[in-house]
Amino acid sequence: MFERLRQASAAQKEKIRLKLLLEACDRLLTEAGESISQRLASEALALYQDLTADSRLSFFLALAERFNPDVAAVRKLSARYAASADPDDLMALIDKAEPPRQELFRRLNQVPHGCAVLIGLRMDLLSHLKKHPILRLVDADLQHLLSSWFNPGFLSLESLNWQSPAGLLEKIIAHEAVHEIDGWGDLRRRLEPDRRLFAYFHPALPNEPLIFVEVALLVEMPEAIAPLLDRKRPIEGDPKQVKVAAFYSISNCQPGLKGVHLGNFLIKRVAESLKKEFPSLKTFCTLSPIPGLVGWLASDTPLPTEPFTSKAHSSLEKLRTEWSARVAGQQNSLASLLSLAEQPGQSEAIGRLAGAYLKATPRLDDRLSDPVARFHLNNGARLERVNALANLSPKGIRQSLGAMVNYLYDLDQIEPNHEAFVAGEVTASSSVSKSFKG
Amino acid sequence: MFERLRQASAAQKEKIRLKLLLEACDRLLTEAGESISQRLASEALALYQDLTADSRLSFFLALAERFNPDVAAVRKLSARYAASADPDDLMALIDKAEPPRQELFRRLNQVPHGCAVLIGLRMDLLSHLKKHPILRLVDADLQHLLSSWFNPGFLSLESLNWQSPAGLLEKIIAHEAVHEIDGWGDLRRRLEPDRRLFAYFHPALPNEPLIFVEVALLVEMPEAIAPLLDRKRPIEGDPKQVKVAAFYSISNCQPGLKGVHLGNFLIKRVAESLKKEFPSLKTFCTLSPIPGLVGWLASDTPLPTEPFTSKAHSSLEKLRTEWSARVAGQQNSLASLLSLAEQPGQSEAIGRLAGAYLKATPRLDDRLSDPVARFHLNNGARLERVNALANLSPKGIRQSLGAMVNYLYDLDQIEPNHEAFVAGEVTASSSVSKSFKG
Amino acid sequence: MFERLRQASAAQKEKIRLKLLLEACDRLLTEAGESISQRLASEALALYQDLTADSRLSFFLALAERFNPDVAAVRKLSARYAASADPDDLMALIDKAEPPRQELFRRLNQVPHGCAVLIGLRMDLLSHLKKHPILRLVDADLQHLLSSWFNPGFLSLESLNWQSPAGLLEKIIAHEAVHEIDGWGDLRRRLEPDRRLFAYFHPALPNEPLIFVEVALLVEMPEAIAPLLDRKRPIEGDPKQVKVAAFYSISNCQPGLKGVHLGNFLIKRVAESLKKEFPSLKTFCTLSPIPGLVGWLASDTPLPTEPFTSKAHSSLEKLRTEWSARVAGQQNSLASLLSLAEQPGQSEAIGRLAGAYLKATPRLDDRLSDPVARFHLNNGARLERVNALANLSPKGIRQSLGAMVNYLYDLDQIEPNHEAFVAGEVTASSSVSKSFKG
Amino acid sequence: MFERLRQASAAQKEKIRLKLLLEACDRLLTEAGESISQRLASEALALYQDLTADSRLSFFLALAERFNPDVAAVRKLSARYAASADPDDLMALIDKAEPPRQELFRRLNQVPHGCAVLIGLRMDLLSHLKKHPILRLVDADLQHLLSSWFNPGFLSLESLNWQSPAGLLEKIIAHEAVHEIDGWGDLRRRLEPDRRLFAYFHPALPNEPLIFVEVALLVEMPEAIAPLLDRKRPIEGDPKQVKVAAFYSISNCQPGLKGVHLGNFLIKRVAESLKKEFPSLKTFCTLSPIPGLVGWLASDTPLPTEPFTSKAHSSLEKLRTEWSARVAGQQNSLASLLSLAEQPGQSEAIGRLAGAYLKATPRLDDRLSDPVARFHLNNGARLERVNALANLSPKGIRQSLGAMVNYLYDLDQIEPNHEAFVAGEVTASSSVSKSFKG
């Protein structure tokens, strides 16, 4: 099969590769013999990996055009079943309506490294979705299959530490997306006995963390990020004294698994695992950024009236207007924002504003609401405390005027909190609620 | 949720359990919160496991009635897409046509032991299919999902030996279905240095072999089973002398994975692994039963004319008629069949007949063709040698008048052999081919 | 080096082998090059393993004659040091006084399997000690080195269970010396969740248990062995309910490690490990045989007067005389002994007698005192309860008229109990003490 | 036991600790009970670790004074045995002559971490030997025991790579003594597929490498170190092409194991292991420094006349005199030495001189002979090639005017080469031999 390739001029090779790849895909769907099938899968994956970015796009477009269900047949079968109510007709209909692309991907997954290649393929694919909306057909199939394969029942939670393989820890350094890890010394501090780092793994990707969370074991709920990240911070001495497990960073490692829900389960399972190891733990919370705050202020969108009293609303709205002008105005340099935030009384104002913003987040549209808030509140966390001047890094100022937030995971209240959030309400601590008062 | 159960009289409990289970299934499909979802999955699985066999059937029937696609919507969407050719319409159609049951099973699989319970559930379900054909709707969904989850890319091949966990070896003893293992001493002989036992595992079932194959390393292709199973057989001394790897037993361990193809890949991967360990190996073959032979003889169905010459056909047909009478007649006691088989010239006759039967197997209908032959020939093996008087156990006599067969796996010929078989032809060695001559 | 061997007639080979072995030993002690040294060690070990039992004895006798310290030099050096007090003279003396045999054994141990061969060699050697007392010179060196190498700091304690390697469990079956394991089914009961089996391992013998102890987790201190060994005994349901860990069997696996203390540490470390796993455990005890009881009775040696009151002594002595006659007399068939033991009042009498015997054990001479009692009492256990009619197996009747004993390990009292024992006293529970009263 | 400590004033604590430690040592030797013995060992080790450096010295001096053999008794027993020839007398003599200190150390080793503490203790002890020669008595006992415990038969050879635990690799970075590892990036290059890093481990120190060797897989014998250490060096593509395994760095990690021979076995076992993994390997060699060269030149000690011809000797001696003046003179700055070494013809001269120095090394006194040469030549290596201008680092210039040497390990010639070296001869390649010619 590769013979044609070897003899081709360099210019033609790419074209031939793409053609061979599409032929291999066609044959994969028609061949019944499973050892042939495995060989075809291997060849197709190798051909794909050799393609240039342009040819990959051509391949994706071809995937979107071919391998769709035969809708005429679906139509006929649905009519027939409507008349017959015969289970055989229904089964035939179900079968016909599934895109052959799904079977194609399943067969590409027959070889041990298939799954890793498909995740890479989807990462490539995602970069084209905006410009080529038809590719959503392909993406829907991949996301569907990956969600089935990366079902939480198949994942294993592992605690990483300084005795973990260096090659694995290197990936942690590379993928930390919230609070960058500055080399091995920095990582090591995050793996000392008063810290934990948990990651999810899938058996098909044995040395690849899918998502990980970093936890600090503390005596009090943390109110700023810098002390936590300080490499020189002394190690919390007595593990029996720790009261608080603070989740201070969650990072996804596999862009090709976008939309496959992994993180939701992670926090609950980590909390349960920590509770067993440290019976003295009372509080499971996060120290989270508020990435949407400044964007919302700058957008000039007023605070929703609900769920605030009208007095509180007008007081908050006044604050919002002030800050809206500042962040959108001429003086929005980092230095001037920071200096404003540090003026007397302003940190309280930012705190109230941030609290109100998060409280209102289910009523804001997707573009303006805070994604981190949505993640934790939907997971069943409570809005516990807003911390002004908690992250004075440039990113912290730019995103949220330095404010951060603690979300609290009370394992017994996760379900009602989640249900409230689904109904549009944000459960908040009494201290946060008080801050909404006029 | 379990409160109602605790208070019920013993008589009502079963009814309540079933009701709760169906409610949990309904909620699983509607709840968005993932920690609720995991709790519901746990509860549903526990409720299912507590059901009696009768209630399980009721549950299956309910599954078959509910959770089907909304065919009216499918019909509407297929019409709309036919008109619009809009990918969004197509995606909506694909989505609507998938039975919600599949999503239900995926959600039940969210908890770590979910997969094992679902395999058990399918085993229960399979026992009702004949009497309740509508359950095929449920079974189709399960088989579809299990095939996706137990994709060969997710399986790992392991070589078991006397240092493997006792609990694992105990399962091998329990599941050996072809040549029963008579206790630990018997097993141990099958794990000596001149034997290999390979099994496939899935990460979600870490201590459960899915399928396993037993291999003897020999200097010659084996012609009878008894010497291989003899516990006192001396151990083949020098591993550098072995020329033949004989697959003498393949057993499935998971009835709930019926129809999920595992074995096809097993043989090829085992052969490759053995080739690496023992470079002196030249021949990979089986020593296989012919379970369909006597059934076919007794059925009185004549040998197909193809692919035999007419002379050969009439000669073979004559033989067949003779033996047909014997196996269907009054004197078909084990003793008389054995004594017939051992009469001078009769072993050759049985050999020819068995060879012809296997050669003709792709042209016989499913009920009469030999399942073991179909498995190996479809896998790309060659019909290498028929061995008369190779298995004189009662089962061997009853099934095949004592005959067994070697299928040969020539790794370079697997694809053409398979393709020939798909086209209705059986590749056979020249010596077997000769035996068809008149 | 092996050339001479290959050319020899069969009759001469043995002689040559022995000669070569002694030459290799000589060279091992003189060669400085370490890769030569390793080759010589390998060759010497192989030669030894090929020797017949007779030649091995010849080899041992040669080892005892050669490789002793140069006592004349020792004498000279000790005189010199007495005069000089020069540390160099002392070091030279120490060096000269160590038998070169020890260095020889250390060098034989240079190759990975050396240690295992030396343990086997010592087992062979031990069988000749009685007849050839000079071999104690060799044995003393081996025991000295093995004690250093099998120092408890180098041993690891492992808990074995049904997921342990079959090859390892097979050795447990083979070595159980107290209550024979009747095949895999019997073993499996002893590995159920209400049992534990701990073994010590040394890194140089990775698949060889050195010594193991079997533990039953119970709600009460056991008073008879048969219920514990009953394969049908229901599994203790709730691990949180267990109160008592009963050590019901301790077996050595390596006769070549005789005199190397392993067991003493085992019980304490196992108790600590169990305490961690089952915080509900209150009592750590044994259910032990009294192998010396009948031998002592039959010996006609009277009970020591100490530590009994004179009234108690005469009462006990009367009992002893009665039973002494019975066990030494004509009617000492198993059946008659059993029937006597079961007569009304006699079980109490045997209990009192056994308790008195154990209490007196530090004052009896080695031949008559009870070895199991000495082991546990020296380890710091307390004599807790004597159970008459506790082991009605033939061995149980023959050894101890069916009586068994619970020794209690109170982790806080181990040191004082041990010290009392060293001083000739046996710490006993009040109920046992009461039984000594007249 | 620690009660006295808790109540003491800070000033007295140290004195009490030392006293308690010596008491614990005394009791360790007299107590028979093994659980007491383990507790005492634990306490003694903890007390030792808490001592200041000064008190540790006091402890060592006390160890040297006490715990020596009773020489008077030894004298008496040696006289008795001379008269009696009774094995019992000999055993008593052997027993009496062993310093009780050895038994003390064995008992301290009873607890799992004992061995690690004793190795640390010896490291402390070694630093005092020069000033307090009497401590050699203690050191001799420790070295004796450690040599027995770290017998090569007990060591395991492991290949480390980028998947090894980070904590282990961190120790490799810390202990690399020959060519410093400059952080994780540098280490990573040394673990790429064309490199190997082997270390010896002892089971009692599971995460502590004892000694390690770094190997480069190459197509030619290397003639300079810089290209090997270059982090940007491309990875040798095809493992089937490698012909040469070059040992370019050997480092000891445990100063407390000084004098315990580990390295000698390492090279041979690594070579055997590599040969198995890469059958294409033909050459096992080192690229070694010549640390003694400049010291010898500066010492003004003439070249021995043997084994050179007189013509060669006078020519070499002339060279030596020239360079002797240079390295000892005023102009021995690094820059001027380097510039001299790089002048035309001088690199050949240095090569000849270095070769002659190494050839003569067994005839030079210990202070002047080259330790690296002695190590490899005694191990059976051959002097293969001298490389001038091979290491232009400051250390390389200072030690050897930039010259390095390849020692060749021909596995079949190790024994004769070693024997020649023991007899005072250095086996050299013909090209090196030629360089000695006038």
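Letters A, B, C and D mark the chains in the order given here, with residues in each chain numbered from 1 onward.
Just so it is clear, contacts are C-beta pairs under 8 Å (C-beta built on N, C-alpha and C of every residue); 3 or more make two chains touch, one makes a residue touch a chain.
Computed from a predicted structure; not experimentally measured.
Shared contact partners of chain A and chain B are absent; no chain touches both.
Averaged Cα coordinates give chain A a centre that lies 61 Å from the centre of chain C.
Rounded to a whole number, the gap between the C-alpha centres of chain A and chain D is 52 angstrom.
A straight line joining the Cα centres of chain C and chain D is 40 Å long. Among the residues of chain A, none is in touch with two or more other chains.
Chain pairs that touch one another are A-B, A-D, B-C, C-D. Partner chain C is touched in their complex by these residues of chain B: 162-170, 183-184, 188, 207. The touching residues of chain B, counted against chain A in their complex, run 32-36, 38-39, 64, 68-69, 71-72, 74-75, 78-79, 81-82, 87, 90-91, 93-94, 97-99, 106, 109-115, 133-134, 136-137, 140, 145, 147-149, 151-154, 156, 203-204, 261, 264-265, 268, 378-380, 414-415, 418-419, 422.
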